[in-house]
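Right after this note come the structures.
Below are two complexes that have subunit A in common, paired first with subunit B and then with subunit C.
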Partner chain A sequence: MAAVASEVELVNISINGVALQVPKGELIVESVKRLGLEIPIFCYHPRMKPVGMCRMCLVEVGFPGPDGNIRKMPKPQAGCTLPASEGMAIFTDTEQIHRDRKGVLEFLLVNHPLDCPICDRGGECPLQNNTLFYGPSTSRFLELKRHLPKAFPLSKYVTLDLERCIQCGRCVRFTEEISGDSQLAFRFRGASMQPSTFELTDFESKFSGNVIEICPVGALTNREYRFRARPWDLETKPAICTVCSNGCNIWFDHRAGRMVRTNGRTNEAINEEWTCDRGKFGHEFYNDSNRVKHVMVRNGDALVESDWPTAYDAIRMAFAEGGNRVAALTGPSNSNEDLYLLKKLFQTRFNSNNFDSRWTTYLPTAEDDLQKKMGVSMVQNTIADFESMSKVFIFGSSLADELPILFLRVRKGWFNNGNKVVVASDKPTDADSFAAEVLRYRTGTESTLASGLLALAVEKGLAQVPDATRQSLSKYTAEHVSDETGVSVDALHRAVELVAGAGIITSHGIFNTSQPQDTVETLAGLAMTTNGSFNCYALGANDQGALDMGVVPFGGGMDTHSILQGCIDGTVKALWLVGCDPFELHPDYDLVEKALENVHFLVVMADHQNGAVPFASVLLPETAPAEQDGTFTNMERRVQRMPQVLAAKGSAKPAWRVFSELAIRIQPETPPFGPADCMKEIAESIPSYAVADYANLGGEGVLIR
Partner chain B sequence: MSVNLFKDVAKPIMAGFGITRRRLQQRTSKYKDVTVQYPEQRREQYPRTRWKHALKRYDSGLEKCIGCSLCAGACPARCIYVEAAENTDGERYSAGERYAVRYEINMIRCIFCGYCQDACPTGAIVLEKDFELANYKRESFIYTKEMLLDPMPK
Partner chain C sequence: MRPEFTGPEVDSFYHLRDVEMTHRKCRGLSCFAAQGFDPATWSDALSQWPPVYCLGKCYISPATTENLEEPHVEIRCKDPIILHGVEDTTMLSIGGYLDGAGYLGLRRALNHDPEYVIAEVERSRLRGRGGAGFPAGKKWRAVYNTPGHEKFIVANADEGDHGSYIDRLLMERTPHRLLEAMAIAGYGVGAAKGVIYLRKEYPVAETRLRQAIEEAVECGWLGNGIGGTDFNFEVEIVIGQGSYVCGEETSLLNSIEHQRPVVRARPPFPTAQGLFGKPTLVNNVETLCSVPWILLYGGDSYAARGFSNSRGTKAVSLNSMFNNPGLYEVDFGVSLRAILEDIGGGLKNGDFKAVIVGGPLAGFVHPSEFDTLFGFEEMHAIGASIGHGGIVAFDQGTDFVQLLAHVFDFGAIESCGKCTPCRLGTRRAQALFSKASGKALDAQERQELRETLDALSFTSLCGHGSGLAVLANSVFSKFPEEVKSCLA
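Right, the complex of A and B next:
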């Protein structure tokens, strides 16, 4: 498994008489794929260690005898645990193997209820498929089958049907090897063996949804999808998860215009094949009854249904003054096209730079830009980089909550390659369990800890810094830092060795702490001076895209806080909320409430009812991400396209179309006719996005640097 | 070619009416009526005639349909829509965990092939002999579960 060996030793094997060379030790179940063959499997999973529990993958094995003839071993072998070795002859298609497979399936079905018609897995069930292709056509079993609880709720998301379990151990291994929460284990033995949680407590995991997909039968099923549809009822389209900034690839299954479930879609660069629970079960809002479907315009105390032209006229009048009198705030899941056209509308039609996409307590200014100040980028590594990075330093982020898929990659690096992980956080995090060192600091001492680590690195000669910096760091002695932060001196000493040269991960969440800019700069400096790398990742689905599109007031406009303050003072007369609920996003509830109460004209553009709607002067229905075509930039700055999956609800329009329609009403020009046209415009003004042409956006997406 | 008026025209006509006369005379004895007075009279249909579907019940009154959608999968006309839900102990419609909350057949699309009946694992959907399906509006051809389901046994 270790990819370190530069020379991979090859061995000669033959499969069904065809000679081929494969890396020594490769599992036979993988080798046969090279010939386009397949061995039926249940328990084997390419991303987990083989265990040989189900015996479905039996093959006949032989070696050449002294006379040169192949001598077969007397018993068949499990192909998923059999490493290739020199001279091995594999047979996957003999009379014997066909009989063996029939036998294995017959045994698996002895206790299987075969309630396929009501089983959520029916139609996409590996057990059904293997039985159809390799199994006996009738049953000889007349006796009573094993009876166990059906539809046992393992957690909020997962149902366990113990009768259907074939005891392959995939779910148990997933929680041990991949998610690391070790929530599931086998109880009892033999036919009574069953996967379960400790003392039948809730299956509490941030990644439990994956076991539903890897279970080869309908034993673990999705509680939300339960009985919603059968696979042949579904239409399945590729999509991007817009719940967080990882940008996981998903299959979006819908039926009769309704979202029914999402499944992981393989993208080796991002989520491999996994999803997190927040994402997998976070698309229910598409079917919510509180979706905004119609244009509403305020008439006295009530919002009354209206139409787009009326709304456009009202907005034109209210925003006519332009300049510092108008402003816009955006949310986390607008597409790049939406954001770019918003900025263009404000700059060219309203002559204003008052727009912001950020909602943290501290809002970095144009001067804070790391690129300008230190010549380094806020995003230096991809998700996949962390698999092979020998040292990783997670600072101030509960990674499994904020960036779950990055968490899985970091953990995979530790699990497979023994990478050393240091976690610095003020609260316990999931990454603590495999961290080589945990630095538990007092809330508010982030920047002290960062400076302390840098100072210590300098002291130990791990980092080279100019004298001025050395001077300014002199007060951060290990003892002082330890006193302030509560991290022991020993821990600091141990950690600094691992932190020097590490890939540093932190998130925009850091801007909610005290002195975040110091922390960020110190950490970036630490990375720079020790040959490591620094990353401060965005958190909202397209927050990174918003920064790239320039939806920040660096052209002399007001930022989120001053815009809201301006609404209260009366300097900002008209505010446009684009796909955001300020009550949820902004740290100060009262400020938001006052601002929305006082602003003269409020446009709320939303896909579902939110806290700002009651204050709206005009309510515009916006399509949700999967209801429009558009691109999203994930936290590692990978641009991915999500084609439209569902039809727009009611008279909802994509935001980019609204901005462009309004723009041509104010001053005619040729509008972009679709999101692909928008992207062409984006590429012209933001050269790094030139590669993100719609023609290039298939597959794994395009990385922007 | 010349036409013999008697041999080629008049004689065949008379022969033809001859048959009519004979049949009229023997009407009640040898030949029975072919047409019936529909709708007052109806003809017996062949045992395997396939017309409008019925959703069956067990003798206990429970619905046989378990909402598995296999009929919808088998239907070549894609005219069946099934939406399932879970039985609870308080509200039980079918024997297992699952029942059909919505079951709809679009009769204009249906080609009465009977594949749905073949696919059904519980024998819930059966094509029966009710062929009088004409109606005035397209929407009236959507047969819902309520319209298809057999009445509760007495």
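Right, the complex of A and C next:
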């Protein structure tokens, strides 16, 4: 931003007599913030285009006349649509302005039910606050109150109360400008105007929850949260969402040990201020009744409540043989500290490298590593990079489902800057709606399509490759690729111009397709040879962290599939499942079932009941992400701290502590005092993580490169 | 780059969308004034839903769609500029229009470069006839100066201001003049496409314009390579679906784009980012219809007519309250009295109580002000306007409180709803005026009314909200005796 700002033309303006310089064209509603002032607003939202609807932000405007005196314009102007220009004199605090604001507020109050005592928004409502500061003391016009539907359900998550709506249009504009699904629209005109779902269908959006937060009154409310609590009863803590790998920043509201709701928290590098519905409404499990709270040990057919020392002893015995006889599999939301200490436990106490964090059909081997093989990193761009990247190529990912916040950023780049987006996918995706080109290929032809694009780029002189590569690409003529993939020759020709030099986005989901390693290497090659960039992003909350921590069997251990197979054929005797349900994560249900039936000793460590529990020899209660302190690495490799918000349930412990306690029992050492100590240890063996010291982890988190 | 919204949400904005324009009775201000002539029709108009405001037949108010009587048209100035050919139907077809020097203005324009065209319009000192009186040359220059290979000419034919049927007659009798003017404008500012946004209430104008377009295309005055040059220009007609605010230029542009037709905040101005974000010239029909004459006889000749800052001539339309209702072309600078009494012949029923010039968004004129000279600044000085040029007279029987209640009902029904004060304040003011026509308001209500009008006047986004306040305020200041029941 700073670099850009220096090129921008500045103009001299004054605000309430104070002179200052601001970029030409900056909206006055923003300029006043430079002086620490605030103009009251309802319809304006800094991340959306200004519309000047509510008229709350009025200011008086003047310009110096020939005699040097300021001449005020006859009428006040809306600060939210007023661009700064040379010589402009702004007044925000005159008697006229106070009268006008009061007038506008009074109109809004006329139509407002003033049911603040039972409104979810009570205590955090801009209307309430603006009224307090700028409004009339009482509302008149009582006989004019409208009677309209209250609590009309728009969707599974969102409820609309039309009596409270002040027609600011923020919700409508959000679906037009930010999420792009245009699910909301205004109907009718004048005083009858009301927001509604498009054609009165269900509000089907992957981002609907955001409108609850940007509604300046309590007209849109959270159906799950409705009446659950009042804002002033809540305690809130900054946290991160652990539903996917974007790592959105959230406020985690809780009360009496229970999760109440989450709201978006600003992090310009990641989610700006948005969340997706999967995340926003995906934290209900904290309150579930099926949480695992106690240590249980198998006694015949039953699991009976036990204690940690008993469990530790049983595990020590079962894992004593070590080496290839033991194994561990991890899930998507363990912290870096958990994962690192698991690896350390296995390597130093069990002499084993049998651990894996990956669940895709194809599991790249140590030799497949792009960094070693091609000198290319799997993650080259940050989320924010995609805002200014003029060409983006989304390959094989339904981005709005897999990485919703990255999807919003790519869309923003298109909406605001006209960036060109190409989508290659075997199914329709949300990004198709704004894509410059959509390549719909037949499932299974991913690598052919990638090779075809590279071959075409070479042919057109867009990519420089060695002769050997050129040779190997020769069979990928546009016609051949078109026949195989079903993408037309014309489309290939049009697309190649846009994908050459593009920022490529694919995800670990690609490893569930056929010949994924070819696809990945070809796409990485395409990026490398055309001066683009390549990214194959992780999907689970801390999948990237698990790779960084080395929870992959590259030290000579077995991978996920071999481990499960080993359980069946008896080579693996003891298996530790850390925060994962293989039935949900693994593509082969039968294989999992046989493995869990056959393995001699199964440790299930989980925060809630899952499909593996019935097979457990020992069940260990693990704290869920918000119940322990730790760090998560998101898909762009940004490390963020998830602080403990809620108390541990029952006798649950953080996984890292369990691994540490068990390690000491096997062979004494000084244990890490807490997760911050774990991170120090991590930094010693993984130097790139030195920057992730807990002292540095405020703000936007730190990027690992 | 925005997705385009069509569908029931946008449709629901318009009140005449699924309404046939038959058996409609007008609820406009002129018909309010003339309700005594035919109380039955007026009471039908009040109970009809959806309402129609101004059918452009104010010379026979209270008007209905079924009454097909045509107005009296007369030139009351030295040489006609704008009504030439409008008195009869001789210029309906292209042959008649060409005989009357038609398309020669365009011919002349094409013989020069675009800069010449812009300069002529500037020299003419022509001002916008759509309401604001903005200098046309300045607007043309702005569009001309904005770079862009795609630009648009939009003719505002939404003539919503009650009392005015000027644009209707211009389009019905001399449709080619509008087409010629748009082509000249297109050549001048560099646009190849023109759109006429025509209100649904004018079906005859639509038929005549469509036919004229066909003829002009056939004769090579529209289409590709006009007059043997490489200038191309085509004209399309878009029919409104019933909404007064769609006459406001930015709302009109949204309507053409199938967006929700609400007023856009300015800047950016349409001259920079108008239709589909492209530089666009929006002019009223009458403004445009002056242009062929200007090109033919020169901007200076046009500027030589009129007086003060109001140059050229103006068409005015008088409603059925006058002895001589009809459409007249007058020189700027005559007195209002000359128009009302000499031309209009005074009222059928007794003395004037007041007149309103240029629609409901302007102030009333008191009989004591009738000596005011007819000009933009001169009318402005007495809190009134030239507006569209429709003149509605009110006789002694007029009840101003009822009148205000009626106008604010219109205001509330037609508010686009975008901005808070107008969306909610117009209805509030209507409620208070309605109440006041039964019994006097109490002190608190009077205070509320005052504050409501102030908020409308100072905080509205467009002229709809603020204009209505101007109207009410003019009654408060000029006719205090009439509004004692609600004056604070």
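By definition in this document, the second predicted complex is superposed on the first by the 698 of 705 C-alpha atoms of A that agree within 3 Å, B and C clash if a C-alpha of one lies under 4 Å from a C-alpha of the other, contacts with A are read in each partner's own complex, and residues count from 1 in each chain.
By definition in this document, a contact is a pair of C-beta atoms (placed from the backbone, for glycine too) under 8 Å apart; a residue touches a chain by one contact, two chains touch by 3 or more.
Keep in mind that this is a model prediction, so the values were computed, not measured.
K.L.:
Of the partners subunit B and subunit C, which touch A:Ile315 in the superposed model: first, second, both, neither?
P.N.:
After superposition on chain A, A:Ile315 lies in contact with neither partner.
K.L.:
If you stack the two complexes on chain A, which partner ends up touching A:Val551: first (subunit B), second (subunit C), both, or neither?
P.N.:
Neither partner.
K.L.:
Please work out whether A:Gln167 is in contact with subunit B alone, subunit C alone, both, or neither, and reply first, second, both or neither.
P.N.:
In the superposition, A:Gln167 touches subunit C alone.
K.L.:
If you count the residues of subunit A that each partner touches, which comes out higher, subunit B or subunit C?
P.N.:
Here the partner covering more residues of subunit A is C.
K.L.:
For A:Lys150, select first, second, both or neither according to whether it touches subunit B, subunit C, the two together, or no partner.
P.N.:
first
K.L.:
Please work out whether A:Pro117 is in contact with subunit B alone, subunit C alone, both, or neither, and reply first, second, both or neither.
P.N.:
In the superposition, A:Pro117 contacts subunit B only.
K.L.:
Let me test your reading of the model: by the given contact rule, A:Pro76 touches which partner, first (subunit B), second (subunit C), both or neither?
P.N.:
It touches subunit C, and subunit B stays clear.
K.L.:
State whether A:Asp233 touches subunit B only (first), subunit C only (second), both chains, or neither.
P.N.:
It touches subunit B, and subunit C stays clear.
K.L.:
Between subunit B and subunit C, which residues of subunit A are contacted by each of them?
P.N.:
Shared contact residues on subunit A: none.
K.L.:
Which positions of subunit A touch subunit C when the two form their complex?
P.N.:
Residue list for subunit A touching subunit C: 50-56, 58, 75-76, 78, 81, 83, 96, 99-100, 103-104, 106-108, 110-111, 140-141, 144, 166-167, 176, 180, 182, 185-193, 196, 198-199, 415, 418, 433.
K.L.:
In the complex formed with subunit A, which residues of subunit C make contact?
P.N.:
Per the stated touch rule, the residues are 1-3, 5, 7-10, 12-13, 243, 260, 265-267, 412-421, 423-428, 431, 444, 448, 451-452, 454-455, 458-461, 466.
K.L.:
Give the list of subunit B residues in touch with subunit A in this complex.
P.N.:
Subunit B residues touching subunit A: 66-70, 72-73, 81-82, 84-86, 96-98, 121-122.
K.L.:
Considering the complex alone, what residue numbers of subunit A touch subunit B?
P.N.:
Residues 115, 117-118, 122-123, 150-151, 226-230, 232-233, 256 of subunit A touch subunit B in their complex.
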